[in-house]
Amino acid sequence: MITYFVSLALLAVIYGIAAIGLNILVGSAGIFSLAHAVFFGVGAYAAALMAIHVTPDILVCCGAAIGVTAVLSLCLAFPALRVRGEYFVVASLGLQMVAATVFNEAQGVTGGYGGLAGIPAPTIFGTFSLGTPTRLLLTSLGILLLGLGVVLAFMRHSFGRALGAIRDSEIAARAIGKNVELLKTTAVVLGCTYAGVAGALFAFDIAFINPESFTLDQSGLILTMVVLGGAGTLLGPLVGAVILTLLPALLTFLPMVPPTEIGTLQQFIYGLTMVLLMIFRPAGLVGRRSARR
Amino acid sequence: MLVIQIIIAGLQTGLLYALMGAGFSLIFGATRVFHAAHGATFVVSGYAFVTCLKLGLPLWIGALAAMLFAVAFGLLLNALVYRPIQRDRGSFFTVFVAAFGSVIVVQSAMEFFFGREPQTVGSSMTRSVEVLPHLFVAPIFPIILVIAVISLGAVASFLRWTSVGLSLRALSDSPSLVEAFGLDPKKASNLAFGIGSALAAPPAILIAMTNGINPAAGAHVMLISLASTIVGGIGSLVGAVAGGILLGLAENGAIAVFDTQWSEAAGFVVLFAFIIIRPSGIFGARITR
Amino acid sequence: MITRRGFVVGAAAAVAAPAVIARAADAPYALGTLYPMSGLNAEFGDMYAKATSLAVEHIAEEKLIRWPIEVRSQDSQATPQGGAVGMSRLVNVDQAPYVLLGFTGVSKAAAPIGERSKTVMVNGGGVGPDLANLSPYFWNVIPLANQEISALVPYLAAQRLLKVAVVFVDDPLGQGMLAELQKRLPTIGGEVVGSYSIPPTARQFGAIAARIRDVKADAVYFAITGGGLLMQLIKQMRDNGVDQPLITYSVGNLPSLASLPEANGLVFTGQSADWSSSYPATKRFVDGWRSKHGSDPTIYAQNYYNGTRLFALLVRELERTGAGVTGEALLEQRRRGGKFDFSGGEVSFDENGLITSRIQVSRFTSGRVEVLRAGDL
Amino acid sequence: MMVHNPLSVENLTKRFGGMTAVENVSLELRPGIVTGLVGPNGAGKTTLFNLITGNLPADGGVVHINGRQATGLAPHVIARLGVARSFQDLRLFGGLTVRDNVLAATENSSWPWQGGGSRAARERQQATDAAIERVGLTHVAKIQASDISYAEAKFLSLARILATGAKIWLLDEPASGLDPSSSQRFVRLLKDATAQGVTICLIEHNLDLMKATADRLAFLEQGRLLALGSVDEILRDQELVAIYFGDKSNAA
């Protein structure tokens, strides 16, 4: 029983990390990406390959995930410098769709649909095993807190202000001397590396990855977490991640719902929540007011 | 012959994207609503059609029902979701997330009522005949061609020749003009949603006949239509049509040139290229935002 | 703060759970199922679930074992993540020693969890060749895809369908079948004249049909997963002038396909299933299914019926010896060998937990399944 | 050695398609002086600003800032050379507080960290508070910028410029729509700034305000610089006045 809740909590923490990263893009910089699952996936593959072929040390694997996602996130930064708003959403959609095909086709690296199986249990400092879900959960919690700390340090200070300025008016931000290209790129790289780390932890948690976990649906799910909790708030993405990770689990505990309809019901609830939230509380559950954004 | 065959296949899918894209473009131009739930309209319309035919009703009643349901759904969504959000000066993103949510609601509702497997209506019109050696064309292809030309022509001439249409067009140039044209903004947005949604009915009917329609089909068609609208240039009817055909050709052409599994990605690669090189699309005005 | 909030929600969920645990401790045997109950493949999950509940009913009526079986269901969504989460819950919360599942991605994600907790996992639906050696605790009550090709080849030779075009989804199943066809066809003087991989989300196949017509194949083989995709492929192939025989593996045996006019004449392989058999276990299953659902069962239904039945048969032995019903004990019991009285006949497992079974070639003829070539071993 | 004017443009030209928006404009801004830019709508005034600040690439001509060639530089680089501007539609950072709007303008580094440590940080805070104080917005400093009144927004836009410490200001209708007393306060702030050596170029349609502020006027029509002179000289020229008002009355 405890193990089950640990596994759910672990998943919530992993999604929490990814959602915090997406919030840097969406909430702070106004870059509305629907391609977050791409970088979640890139991190997962990078970590899994590192674990299988080199060492399952979690720090090394997360480092690899960070490095690879940081480089590949430039694919997202590039359109972000070219277009804004609706155009960028569609561009990120395009990236997500192309990446899904690439994940499937780069079989030498990703194993295609067959995926990568047999990802070893992680260790830390080379020897100490993190093989039990509880240990992995504690490690992930540590990473989450670290990630929150970094976000807090960045977003509450000049970097956050500069991103906010860009989000609200790019031209005016330039006029007060902000290097918009550099700032946007930094924000995209930073946000995507969170997804990369989350993906690495995900790979260790599930111990098997294939492209089905990195689809547009997954991007939509992470985005919903951010929006549900409150884009631009510190804790909103976490609240969203916890709720949306636990929702399906909670629904299965409801006796009156026939199991065949759980999936449909769950989707229905997701969708309806998004619609109602946008109408009545667009700032999210944690967001301060409804008028903003 | 393979080339011609692929061009025909590309045209057939491209025209359907074009109709979807044109509807989307019209709505976006006139109301600035990024109507990502246009795909949900498509699904509702398609199921209305299939259900009518499964009930044994004649084709024209099915088509009429598809049209009615599409328009009704578009108007409903505008009234219940978009307008309340816009009243609060919601950002485009708020609208987008709400639209995204609506797509999921419709999809799961359809799954609940109709099941997930594709629904199709058999018809001899979709069965290809060999018109030239090795060149197969289904009777439905010319029908699609005619329907697409008629509906796009009708919408284009409406926008060009009627005063209401002119004002809708002016709206996309400068939204502040709406009252100057003596058009009630609420009426204008309903008009755009009505016409735009009606344009989703022909593709829905035709896809239901050729491919079969399933609850998840809307999201897929919408993605590609969105891409085609951007490639063509948002807000331009001609652009949406050109973009749709271009993407239809790219998708099918990729099958001929590259390996078959790249066909889906091909459309999005074209999209990505446009966003990087020419974000305003083929016919779009320069983006100033 | 945040995580505390998470635990609060978790704790709320826990309130409902202890009752379940308390009962699990003494009487009924927990049987886990991890089927896709939502998403594109829910049609399969629905069928598997029906088969399982029919088997549980029959087991109770036969008084095969002392305590009733209680089915604990989790939705796998046919995705690895759904599989991992659902398996974790079946193992840790429901403490099921025996879990029925399907689908390659789900199986591969669930296998390490099951192995760690020594839980038996039984697949009756996935046929990817990579399911063969996942774990000692992972058994297959369905022959894997390569076996289906072996059965098909003699039929192709007899019909002189030597030039085959293959449409496949680029997953282990599709790759496995393509490789098997490329290996086996030359033995009868045939060849794979074209292979076309498609994304599982694709919906437009007109251009692929054009290419298939171009290579002038004698037959078209579909190595794909998912009934909806197969249905759209078949319809569009026929619509776009591909009039060669269409062939696929056991995925073709779906009720929704039988009623599709374009699928008339579709040839598919699958485990031998003779629904008119007088073999008692078969008859009982077929009659039970017909009276409940008003139609003939499918081979998948039979597999999951058998998978459920296997649990009871093993438990009966364990009850005799007085051993507790754990995954470990179940594995040991199965390894002791012997034949199992299944619907469809007596079967045995090989060392890796893989069933051996006859495979037949069938065809849809006016909405009914017509057996073209009986299975042999 | 020659003393450079803070800002000068020579033969600046910009074409949009077939239309020439700015044609061969040469203009120097003198230190500590308010140069008014007048002309009918569409004369190319805002385009001229956009060319100077690098928001639009010029088709010809050069820009010098403090004697340094600045043509073709990125907008943020020009901003860092000490050129600050305001916008007709203000373009405040609506999601930030009033104080953060101003503070952001003091932070020069676009990396996640600002240089100079805590001392520099304190100085930025002080500059920010001083700028807010000067424009009289201290009472709304903690309010989100999207929620302040129109007049307050106009002053915030000025505070943002003040805080950058720039010595060259390009102001695009900064006082339009202000009530008379606010307007007077605005003029005083501009006068204070010029007294401290700030060079201003001002687009303004309100000629009274222009008279009160500007030291000299540049008259632009159809992208060309028609006249340059003292306020009185320009306003006495009947021909120019006719163009100015005439064009306004039969504006297409």
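Read from first to last, the chains carry the letters A, B, C and D; within each, the first residue is number 1.
Definition applied: a residue touches a chain if its C-beta (ideal position, glycine included) is under 8 Å from a C-beta of that chain, and two chains touch if they have at least 3 such contacts.
Quick caveat: nothing in here was measured; it's all calculated off a predicted structure.
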| item | value |
| --- | --- |
| Pair joined by more contacting C-beta pairs (A-B or B-C) | A-B |
| Per-chain CA centroid nearest to the all-protein CA mean | A |
| Inter-chain centre distance, subunit A versus subunit B - centres from mean C-alpha coordinates, in Å | 31 |
| Distance from subunit C to subunit B - Cα centre to Cα centre, in angstrom | 38 |
| Computed distance of Cα centres, subunit D from subunit B, in Å | 46 |
| Centre distance in Å when subunit C and subunit D are each reduced to the mean of their C-alpha atoms | 72 |
| Multi-partner residues of subunit B (at least 2 other chains) | 111, 261, 264 |
| Shared interface positions of subunit C, touching two or more other chains | 38-39, 42, 170, 199 |
| Numbers and ranges of subunit D residues touching at least 2 other chains | none |
| Chain contact topology (line, ring, star, complete or other) | other |
| Those chain pairs that satisfy the touch definition | A-B, A-C, A-D, B-C |
| Interface residues, subunit C side, partner subunit B - complex | 38-40, 42-43, 170, 196-199, 201-204, 206-208, 210-211, 213-214, 227-228, 231-232, 235-236, 238-241, 256, 260-262 |
| Subunit C contact footprint on subunit A (complex, rising order) | 1-5, 7-9, 11-13, 16, 100-101, 104-105, 107, 112-115, 117-118, 141, 144, 205-210, 212-213, 235, 238-239, 242-243, 246, 248-250, 252-253, 259-264, 266-267 |
| Residues of subunit A defined as touching subunit D within the complex | 154, 157-159, 161-162, 164-165, 167-169, 171-180, 182-183, 186, 232, 292-293 |
| Partner subunit C, residues of subunit B touching it in the complex | 1-2, 5-6, 9-10, 12-13, 111, 115-118, 120, 122, 126-130, 134, 136, 138, 210-212, 214, 216-217, 220, 251-253, 255-256, 259-261, 263-264 |
| Contact footprint of subunit A on subunit B as seen in their complex | 28, 34, 81, 84-85, 88-98, 100-109, 111-112, 223, 226-227, 230, 234, 261-262, 264-265, 268-269, 271-272, 275-276, 279, 287, 289 |
